[in-house]
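Okay, here's the structure, questions in a sec.
Labels run A, B, C and D following the written order; every chain starts at residue 1.
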Amino acid sequence: MVDLSVEVGGLRLKNPVIAAAGTFGFGTEYARLYDVGLLGGICTKGLTLKPRPGNPPPRLWETPCGLLNSIGLENPGVEAFLQEELPRMRGLGTAVIANIWGETPEEYRELAERLSRSDVDAIELNLSCPNVPGGKIRGGVPEEVARIVGLCRRVCEKPLWVKLPPEGDVLEAAQAAERAGADAVTASNTFRALAIDIEKGRPAFAGRIGGLSGPAIKPIALRVVYELVQKLKLPVIGCGGITSWQDALEFIMAGAHAVQVGTGNFIDPLCIPKIVRGLADWLAGRGMEDLEGVRGCAH
Amino acid sequence: MVDLSVEVGGLRLKNPVIAAAGTFGFGTEYARLYDVGLLGGICTKGLTLKPRPGNPPPRLWETPCGLLNSIGLENPGVEAFLQEELPRMRGLGTAVIANIWGETPEEYRELAERLSRSDVDAIELNLSCPNVPGGKIRGGVPEEVARIVGLCRRVCEKPLWVKLPPEGDVLEAAQAAERAGADAVTASNTFRALAIDIEKGRPAFAGRIGGLSGPAIKPIALRVVYELVQKLKLPVIGCGGITSWQDALEFIMAGAHAVQVGTGNFIDPLCIPKIVRGLADWLAGRGMEDLEGVRGCAH
Amino acid sequence: MDKVTFRRAKVLENREVAPGIFLLRVEGDHSARPGQFYMLRAWELDPPLSRPLSVFDLDPSGVSFLYKVRGRGTRLLSRLSPGDELAALGPLGNGWKGVEGRVALVGGGLGIAPLLLSAKSVPEADVYLGFPGKPYLVEEFRKVAEKVYVTSETGEGGERGLVSDLFSPEGYDACFACGPLGMLKEVAKKCREAGVPLYVSLEERMACGLGACLGCTVPTKGGPRRVCKDGPVFLAEEPCWDG
Amino acid sequence: MDKVTFRRAKVLENREVAPGIFLLRVEGDHSARPGQFYMLRAWELDPPLSRPLSVFDLDPSGVSFLYKVRGRGTRLLSRLSPGDELAALGPLGNGWKGVEGRVALVGGGLGIAPLLLSAKSVPEADVYLGFPGKPYLVEEFRKVAEKVYVTSETGEGGERGLVSDLFSPEGYDACFACGPLGMLKEVAKKCREAGVPLYVSLEERMACGLGACLGCTVPTKGGPRRVCKDGPVFLAEEPCWDG
């Protein structure tokens, strides 16, 4: 019998495939399509203290094998989440990871404190949103990471994951998160990128720079994970461009404890259960019982 | 009449579309297919002081809309280039830009000095090759850039272009190149990236990390150019994922003076002349005579 | 909440009914309310997103779509031949719930696509169809609605002019309009003046189609709304139109 | 230096001659020497690279290729129907210049692809074909060569066994072999012992196909060589084989 369950950053997941923040809403939307209890977990849309309306349209722009987005963290705010969304999410039968974003370190602390007293299974600090105009936090800068993680750690009993950008001093930022008490690192968020609407001669998005996700970024995201795993004691959750079990396996062979799938859900809405099944079949076909034997084998 | 000619970093080109280093050999290979005199210019394969055999196979690995390479700077060395390749290149009817790579700052100086006395039209310092094991130069580090460009500037009369990686402190590196006397900046080289061969459970390349190029990286490369143009006085030559005249126009609207096409040559070997024609037709269709009116319009 | 499926399905027909405009019929047991749509794809990773198309018609053997080749995705769709496969996610969106009484269905260009199903399900519906050139598929509408008014900008096969000029909301209990922004604004103005409730179908770029990614959100008087889930059909006064 | 072209061309035929193995015939005035190849593509940006396939045959109306579905690119090729378009760059590579006298052509699996053209152009050629299962296209070879020896690992339609076991270089002036590495090594050993010059066709991943990118370079006794331009045909002693 294959056992895909995994312990990652203080949290036991039934399998290592998690829906990435912002691509899976609060889980209920996809529940119309399939049993999302098959997932290892769901990261919520990024939550902020106050509700946010997000950016004006267009918010999406396609690039070759990639997706640029400029959502701007539209969300109902943490209180509405706790009252309306979380109870429904709890009924989905999978782990709930609250993804949060603050304009200041203090906002992160406040969010972490509030959520720590709630029913979520873990908290993921989004230190890396490329398209929030007011966003002063630079997740690639070790000092800022240390400050925010430290503040949150003190008020948060739940497993604390830190989601980093794929750019900047990623390794040093991850090490800063480690020292400040994080339980796991998610690598990575989207890449800062640009599209120009040549009809208009203007950037496609009002906020100009957007975040690039999808298969296009996979080889870079995989390299980031590979390098982090070599230097970090913390478990790494791989993310970026995963659309198949083969992609997921690449990240696991690079040393990831779990993976997150974002844009893959748009390419194939049944992507995550297919990945879970594919990993199980692959292991079974080799007579292996779990992923321990392959995790990090490519080092 | 549309005039696509452009002055970039001390060099007048008949049009702004240049073949990127390492993807177009020494020009003669593609001359079997079409008149490469249609190009704005050709950057040579990266030249080193001594001949280099490069890396073992495989050297290529496909990723979604992207190409990972681990060529390892195979080249015949600068002397063989000057004696055998350059005379033939001169007969092709387009500008010749010698792309060079040194293991140390002194090697760059020696190469620049040697080529400055030759018949090439410009020299491009490759400060950013991701897949040379001995490569200690980090083009994203401003101090190293300043040192190398300074050394080369002193011995080089030809236009001196500096090719940067898309990662690291790109802006500061570009500013360092500017201060040290560069004539133009090429942005960018490939991204450091990884593929794992899941059959083997090992990285696809013997040297593990390779360089990612092709359409996949276009939105990030474009963002890099956009940001550089805002802060730099030097002309910027855009490079990364260009395969169509629309792509080239995006870079020009972002402020690039010229563009380089690499992987695009593999996707469509007639790519560059099509881009040149497409830009001319687009301008003609709008009743415009040159690219001045659109360069940088997206800022 | 309706059940949504994501399935591979065989193409039964993909016929060019007018230059650059295709009628695509896909096999399977599909369902939809008027105004609902599917996300379709017939490619692997590039382009990454599926393309939203309104349900044009339903029949026991399948579902059909009417689309115009605009860019890469619709060009790829147009190359499908009978027997080829595509993948379809749907039915999506709130659709149009219909209303009591006399109803006008107004479509401009490809905006006619969601109207056939509406005409089929609303007993007293008049149909107004506006074409840029030679009209197409008008017969399909005549089969299900008594009054079908046709305009054409060139005058071929219909009254010369714009459908928004021809159309008058007087005497209707409700209207449903679909088409280019200019036309929608014009129709909205007339309906507002006549006090007739107008429903419009909006278009926005979509990634998930399910309401999860917030990629298709538009500002409305009631706050941000997702076109894919809260729409695509809105009461005309809701969206904050620029103008 | 031969002229190379890059052209769109219509598919005339794309027939599955054995499970997963297709014979693709493409329209146009094509040329090639034995052992030369084309880079083919029938997709836009993804996958980025074209696929190298040896010329199987030439006829006045076009050129044909014999290929096995291995991964994404060949799977996409296998979906082409007559009338569809693909793009072809070629002819590429040095090809095999042929030699005087009695020649043996040895092919294993898809390695038979470049041999038909050779058999057509070398007057005194014997052909050795090895198949994993049921043989295919053997008739084509019988039309152009007097002696065609066939092996099959299952014994169907030929002598049971491996072509490299059956084959003996005695009495030949030269050999040309094409197929999996194991087979090539075996044939090379026999030819070396018999003192018969052997030419082999190598395979490597390719980006440009023209000798410009150095993506297909392999180490040889004479230094690095590009399979696409200095090869794909090499004298067997040149490449540094791992073993």
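What we mean here is this: a contact is a pair of C-beta atoms (placed from the backbone, for glycine too) under 8 Å apart; a residue touches a chain by one contact, two chains touch by 3 or more.
Keep in mind that this is a model prediction, so the values were computed, not measured.
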Shared chain contacts [chain A and chain C, defined touch]: B, D
Chain located farthest away, centre of chain B as origin (C-alpha): C
Mean-CA-position distance for chain D and chain C (Å): 52
Euclidean distance of C-alpha centroids - chain A vs chain B, Å: 34
Chain A and chain D: spacing of chain centres that average the CA atoms, whole Å: 47
Chain A residues counted as touching two or more neighbouring chains: 64-66, 214-215
For chain D, residues that touch 2 or more chains besides their own: 45-46
Topology of the chain contact graph, where touching chains are joined (line, ring, star, complete, other): complete
Residue ranges of chain C in contact with chain B within the complex: 45-46
Touching residues on chain C, where the partner in the complex is chain D: 44-46, 72, 81
Complex contact set, residues of chain C against chain A: 1-6, 45-50, 87, 89, 204-208, 210-219, 223-224, 229
In the complex, chain B residues that touch chain C: 64-65
Residue ranges of chain B touching chain A (in the complex, touch as defined): 63-66, 68, 167, 191-196, 198, 201-203, 208-210, 212, 214-220, 222-223, 226, 241, 246, 249-250, 253-254, 294, 297-298
